[in-house]
Amino acid sequence: MMNVTIPLDVLPENRTLYEQNYRLATHDVGRLMLFAGDQKVEHLNSDYYGEGIALDNANPLHMFQIAGKAKIGVFAAQLGLIARYGMDFPQVPYLIKLNSKTNLIKTSQSDPFSKHWLGIKEVIEFRKSSRLPIVGIGYTIYLGSEHEADQLHEAARLIYEAHKEGLLSIVWAYPRGKAVSDEKEPHLLAGAAGVVACLGADFVKINYPKKEGIASAEALKEAVQAAGRTQLVCAGGSNVEAEQFLQTLHDQIHISGASGNATGRNIHQRPFDEAVRLANAIYAITVEDKSVEEALQIYRG
Amino acid sequence: MMNVTIPLDVLPENRTLYEQNYRLATHDVGRLMLFAGDQKVEHLNSDYYGEGIALDNANPLHMFQIAGKAKIGVFAAQLGLIARYGMDFPQVPYLIKLNSKTNLIKTSQSDPFSKHWLGIKEVIEFRKSSRLPIVGIGYTIYLGSEHEADQLHEAARLIYEAHKEGLLSIVWAYPRGKAVSDEKEPHLLAGAAGVVACLGADFVKINYPKKEGIASAEALKEAVQAAGRTQLVCAGGSNVEAEQFLQTLHDQIHISGASGNATGRNIHQRPFDEAVRLANAIYAITVEDKSVEEALQIYRG
Amino acid sequence: MMNVTIPLDVLPENRTLYEQNYRLATHDVGRLMLFAGDQKVEHLNSDYYGEGIALDNANPLHMFQIAGKAKIGVFAAQLGLIARYGMDFPQVPYLIKLNSKTNLIKTSQSDPFSKHWLGIKEVIEFRKSSRLPIVGIGYTIYLGSEHEADQLHEAARLIYEAHKEGLLSIVWAYPRGKAVSDEKEPHLLAGAAGVVACLGADFVKINYPKKEGIASAEALKEAVQAAGRTQLVCAGGSNVEAEQFLQTLHDQIHISGASGNATGRNIHQRPFDEAVRLANAIYAITVEDKSVEEALQIYRG
Amino acid sequence: MMNVTIPLDVLPENRTLYEQNYRLATHDVGRLMLFAGDQKVEHLNSDYYGEGIALDNANPLHMFQIAGKAKIGVFAAQLGLIARYGMDFPQVPYLIKLNSKTNLIKTSQSDPFSKHWLGIKEVIEFRKSSRLPIVGIGYTIYLGSEHEADQLHEAARLIYEAHKEGLLSIVWAYPRGKAVSDEKEPHLLAGAAGVVACLGADFVKINYPKKEGIASAEALKEAVQAAGRTQLVCAGGSNVEAEQFLQTLHDQIHISGASGNATGRNIHQRPFDEAVRLANAIYAITVEDKSVEEALQIYRG
Amino acid sequence: MMNVTIPLDVLPENRTLYEQNYRLATHDVGRLMLFAGDQKVEHLNSDYYGEGIALDNANPLHMFQIAGKAKIGVFAAQLGLIARYGMDFPQVPYLIKLNSKTNLIKTSQSDPFSKHWLGIKEVIEFRKSSRLPIVGIGYTIYLGSEHEADQLHEAARLIYEAHKEGLLSIVWAYPRGKAVSDEKEPHLLAGAAGVVACLGADFVKINYPKKEGIASAEALKEAVQAAGRTQLVCAGGSNVEAEQFLQTLHDQIHISGASGNATGRNIHQRPFDEAVRLANAIYAITVEDKSVEEALQIYRG
């Protein structure tokens, strides 16, 4: 069983709780299988209804059903949504996503800003009144946005307060804004990972780098190092073939040194059974150290 | 009698109160007849005085008299207005509309922002000092506005705090701003409904979708699904013929799956007796499951 | 003696105080003679020194001397000014004007915003430490300004908190900003009056409407109705002949249904004795139900 | 010995302290000799080092040495600076300047805003922990700036809270911003003085007016009157010949009716001994009612 | 052993702690060797990975290992980063850098603003829960930025509150923004140093001045004087040859009168052993009063 290094901003009386949350989320191996269910705000209904998307997905219940059945580390969603479905899925480890914005305004109109909806006080109250196993919080920052100062301020405080209370903290870190010309440039993404290390989060989620002349899995190494003791996971991105998806994930973990994955669309846009099987396949690679072939067998049932 | 699923952010000691408020507002059938009386700010005096508007309507007393006599679910208005008339209409179930703005500034000049006037603390104090049956709060958000971040922040907090105290929460959700080209596009409206589901509100009020080549009642289905356990009602819109109005409402409920309606102008712009009869006809369809013909008979007295 | 309808946001323990303040300010007849002394900020020194202005008026003491001698309902000024003169005029019923701005920036440069200087907490503290008879508070809003959201937010809170403490609240409501082309249009002014009704203020002060083809006294009726139980008074405007001024006031009350007046310059720009006599004449029409002729006799001494 | 009229916003338990502070600052004659030491921020190092400036002045110690040796009313500086030198000059009556800005941004780029650094709570704490004789606070407002609303809000609160605690309050009032074409126009300056009267400050510091065809000492009279019971002093301005400086001060007091002076550069840009003698000469005119000739003899030693 | 002058804003009960922190940070000689580890945010990954940078530096652990082994005064970094590594380096005297921003947005796009991440309350809590020897806080201000008012406000409060608690405060002061044409102009930098003196910080860190026709070491004297009792150190700047670096530092201390140095890149971009040796060489000049030659011998091992 792995050792958990507890950050020093966790209050002494909450160190045990922090360790429990960390072990629960990472199934005692330190790798995170994050099932992302927060995109009904970020992408409105485009991830949930339309061509190539299973009809099940039109209703938010679908995501909870997957989270309740599949092997996952945490299910990330907004508090308000969890408050309406959690009573039927009381065993799922939840991560409260504290900020979200729609995609209606493009960067060409104005730089992105995603303000917190609720704070740690509310998360703690909610954990108590709901009795759900809430293990941590998530927050998105846009580095290079004209609102960066407010985002860093909010992120630093939320992470600090989450730790105090024994909660994990995960930061979605995206370079974005008029000042950013290439959001997937490896060196820039490594910089973003380093910023999150300075914020003190437990995990940083970045986009998978992309650059002419270098394999993404190689390019990601710089970010893994820059993040230091903050563990790095990549966003799953848009819906792709399962085999390619699983291979990429395996590369991120075994070539780049990533500590898991954060996957939404690739799972919940599939019909229920297939979605559960894919989630289990992702879990197999992430947590159970399976090969791509073994994972594919799980996916194919 | 229907089952009420109580959201998990309601404090344990207020779960009974929440259920009572929900049953009172929806007359134990889960459908909401919301009589909207908040437009003296939104539309200034244009909904209250002018050609085609009954003279009764020039005075705000008119709306309270209708709310006091007709069958409704809740009467929505600003706290300040309720504070001046509520003593004469102490049985009306009130919904406090917490934000409002005028229509003087057009989107071409600057994107809309409707800031909260008062918070849940004030609503609770007022419920106690007034002894009125206040069942919930309302809040308007403009998705796609450059002020979206502040609106989502306010909405999330107000809904969360309302629930804590056992109050219902209803969100008026309008995509609006320079980034929004078609405010009634069905897919966009479904997105708005999904955002409100993530905010955790009990009801979302949207405009009735409108799109070439698809019946609105069909088009609304996507939003009803996207809203999940958050119940959806449509805005009544501008004053139309009673028959057409009632048919549309019937379609929204029985074809699209909506859970009621939110009607203002169509009721209060009529003379008192007619207004009461129309409200009762709307109630008949919404709560009593009557046909359009039965409702029309009520309207015609 | 008139009945006072106490708004429901007044705390039960302060209902008697509210009624006393209302009766004191309106001399038991429900009509308000407001002597406005807040324009040293709004108009800088232009209302106090220059051609056609009595020299007495150069010193702020002048206004207090008038307020101390003449028959008035309330004297409205900023707390800081009252704090320096109130000890010599301890019997004057004061209204604390909570916001003010200068006129240096024109609307063509940027839309108006008048932020609160102090809040209800300070008014209550000051009432206690000064022992002055402070009966209420005043606040100016600019509807249609790009700062409307902040102004409505502040107004709603100040009115609500004033009522809680048993204080009257009066709103100066001006449509103003780049979006407003005609500030004196009757329908727009009626809209402004309706907004203040929704804010829950006791009195709304608007400019006297002006429109081609309709007498202002007729045009004002729409606003009086729109204000409902919120009582309406008109601003006195710039300095005019006494006879015309008194006739206009009489019309506002007896034709339009206004409940008083708010007069500043017309009084304090006159020499002390004449100013007192004009104030008494205004009081005679407003509170004592005198005719224009009777009032003129008072003015002429 | 003069009478001190204590403003009504001073808490009853602090009335004695206010009177003591007022008498200490004005040496029992009601006139203020303010030695201004806050310009290391406002003018960066240009008032402290360069051609025509005594080398002593390069080090901030110089100002404290003058304040410790010369006859002055109060020495105004930022809390942080006083915290480092006050232990060696424990008898100096200090005035804490609560806001300051640099001069790097010109009005043509953006309108001025000088935000408070600290509040009254900190001043009271500091007075207690430092045991220094702190008699009051200072604050600068820019009327006509696009940030006027925030500046008035801050000024009103700081003055109110200072008074509550028995502290004097002095406002530096400058019309400035794109909307202001002539910052020294007498009528405008009188307006500024009137605004400060409404804010309730004890003293207002303005620039000496300047207008074609009228002597400045005559022109200043309007402002003295407009300020009412708020006492007016003029800024010393840039370094000029001692004789001219003292004559101007004498005129301001004996012709215009000003109640003192606020002088910085003219004193501290001189070598230590000369600086002390000039300060004493200024004090002689301000507090000891000496003639210009007598003051010049003091200056010349 | 030097005398420590304790600023008067330190609470009496924390005066001993302040003195201990000051002596610890300056090794009882009053000169500061600050090892800067905050640039993973300011410069993203460009100071940590790339041509000419030791591979060790790709991982944040490298900086902590240097801080743990070398002779330094304080190690400055963000709280979040310290929270993850401090348990392995519990003897290092830490300085919490309270604000940071990335370099993605250039001044030509918008003026810089670096908002505080956390406040003194959090630093005190963290010191207690972590048991690390935290001796002070750091904060960066951009003078001449359009956000200067907010930066000065934050700086003043953080310094004041740090002192209250017995913590040292260090301000990184950079003139920057569209209004600033030459960031290294000596007179301007002296102005910046004077501003920090008025803020009351213990140390000010500025860039080394640069001007045609004057040696930088001479030019820096003006700033040292302007800072008064606030001690001045220069930023180390980009990576240069050790000899030149040490000579410059020696000049700053022995010619200009600086009180130490703040060095980041020059140290941590070197491989571990060399980095430790350079840090020790810097320490030798700063704290042990060694010559450049002696320091070079240390560097060369």
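Each chain carries a letter (A, B, C, D and E) given by its place in the written order, and its residues are counted from 1.
Just so we're on the same page, a residue touches a chain if its C-beta (ideal position, glycine included) is under 8 Å from a C-beta of that chain, and two chains touch if they have at least 3 such contacts.
What you see is a predicted model; the values in this text were computed from it and never measured.
Trainee: According to the touch definition, list the chains common to the neighbour sets of chain B and chain D.
Mentor: Looking at chain D and chain B together, the chains touching each of them are C.
Trainee: What whole-number Å value describes the gap between the mean CA coordinates of chain C and chain D?
Mentor: About 35 Å separates the centre of chain C from that of chain D.
Trainee: How many angstrom lie between the centres of chain A and chain D, each centre taken as the mean Cα position?
Mentor: A distance of 57 Å separates the two centres.
Trainee: Quick one: which residues in chain C touch 2 or more of the other chains?
Mentor: Residue numbers touching two or more other chains: none in chain C.
Trainee: Should the pattern of chain-chain touching be classed as line, ring, star, complete or other?
Mentor: ring
Trainee: Listed in ring order from chain D, and going the way that reaches chain E first, which chains are there?
Mentor: Around the ring, beginning at chain D and stepping to chain E, we get D, E, A, B, C.
Trainee: If we count contacts the way the header does, which residues on chain A are in touch with chain B in the complex?
Mentor: Residues of chain A touching chain B: 38, 40-41, 44-46, 48-50, 58-61, 77-87, 100-102, 104-106, 109-110, 113-118, 122, 125-126, 129-130, 132.
Trainee: Touching residues of chain B toward chain A in the complex: what are they?
Mentor: 5, 7-12, 143-144, 146, 148-150, 152-153, 156-157, 159-160, 163-164, 175, 177-180, 187-188, 190-195, 197-201, 222, 225-226, 228-230
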